[in-house]
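Labels for the chains are A, B and C, by order of writing; each one numbers its residues from 1.
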Amino acid sequence: MDTTKKTIIVFSGDLDKLIAAFIIANGAAAMDDEVTMFFTFWGLTALRRPGGKSLLQKAFATMLPRGPERAGLSHLNFGGAGPRLMKRVMRQQNVTSLHELIDTAREQGVKFVACTMSMDVMGFSKDELIDGVEFAGVATYLGEADEANVNLFI
Amino acid sequence: MDTTKKTIIVFSGDLDKLIAAFIIANGAAAMDDEVTMFFTFWGLTALRRPGGKSLLQKAFATMLPRGPERAGLSHLNFGGAGPRLMKRVMRQQNVTSLHELIDTAREQGVKFVACTMSMDVMGFSKDELIDGVEFAGVATYLGEADEANVNLFI
Amino acid sequence: MDTTKKTIIVFSGDLDKLIAAFIIANGAAAMDDEVTMFFTFWGLTALRRPGGKSLLQKAFATMLPRGPERAGLSHLNFGGAGPRLMKRVMRQQNVTSLHELIDTAREQGVKFVACTMSMDVMGFSKDELIDGVEFAGVATYLGEADEANVNLFI
């Protein structure tokens, strides 16, 4: 068993949960751990390109936030006022934004895996997601989790 | 330590989270892992019989979905429109429904444990749940988690 | 690897999830496991003093529940009616309240760690939290998780 590997299933698309997931991932990567993040369901929204296709076929895709800048909060969202407030406080406190956290994760070699079954259900195609994402299913997740000593579902 | 055992605490009764939980459980069982799912709080709703008692004494029980066909989404629920849309897309994409996922889990020998304390709080009696469910508390969960190498809370 | 250590990241401030987290923590502590709970984001509300400061500078802090007696539910909250109902049922069923669960956890030596970055974002100062809480960041969490055999995110 390899004590230097971590996996995180990123199920939620909420800004606060995404921030928590990336802070843990980046912290582990900074300690030279190998980290794999599996993005499923709403978590896939964190990997969407800001631009992307102008017309989406699938209803879910159109209703979901386009990239990390549009994520809502799991609590006290207030139609977007909560996320704006949280982002402002984070800037004031010099806490890095979700966008920067994602960039740092990629620079540190955190592996991003998008769940292909979830992509089908949510109506996301591969070219709608940012570069450097791998595509796989639950068997890949389980293989990696078996090698890791910390496995979280967020 | 047994690397072929997994436990999942199923706390949520949301359709999307239940689907995620059962896909992970079934994937692990298909790889010959021993899998135990502990259903607590809202997760217990996944184990309710579709029929059941005509009159429920407890208020929570009456307000909660009766079995997996009635589960809502954790996000974009839209008073039930979200789950209907997700189910239709899943059918189109040949993704198995929650009901089928539960059947597959039972066929593959995934162990279902209902948290007895949660049953008291939520007002569920044993005969309201589907057959083949075991009843236990947190000590049983911890005993199994100590033998597992992946333990998730969903 | 120490099989007698558990960590729980308490991200949620929902009454039901807090109850679940403390029941698992107390169960493990009763089995002589070493347990560390990391309180981040909304989970910090469980550690707030009931009294505290009369005037809060930060908007999040004012909108958040002041201590465990004010937590809402993750589901069927009904503007506070859900938590009241759950608490009444718990009393009837002799299930200990969140307040008692927290006391038991402290008596059993469960370690409480407040995430300092989350405190900055949520606008909590150290003297607003109950006594006996340690303050640390993600590196401390990862160090403890590496020594534990069960690590949950709730």
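One rule holds for everything that comes next: a contact is a pair of C-beta atoms (placed from the backbone, for glycine too) under 8 Å apart; a residue touches a chain by one contact, two chains touch by 3 or more.
All values derive from a computational prediction rather than experimental measurement.
A rotation of 120° superposes the C-alpha trace of chain A on that of chain C, rounded to the nearest 5. Both chain A and chain B derive from one sequence, and where they touch, under half of the residue numbers involved are common to the two copies.
Separating the centre of chain A from that of chain B, both taken as means of CA atoms, is a distance of 24 Å. Residues of chain B in contact with two or more other chains: 1, 151-153. Of all residues in chain C, only 1, 9, 11-13, 40-42, 58-60, 63-64, 117, 120-121, 123, 137-139, 141-142, 145-146, 151-153 touch chain A in the complex they form. Contacts from chain B toward chain A in the complex involve residues 1, 3, 16-17, 20, 23-24, 27-28, 30-31, 33, 74-76, 85-86, 89-90, 93, 95, 149-154.
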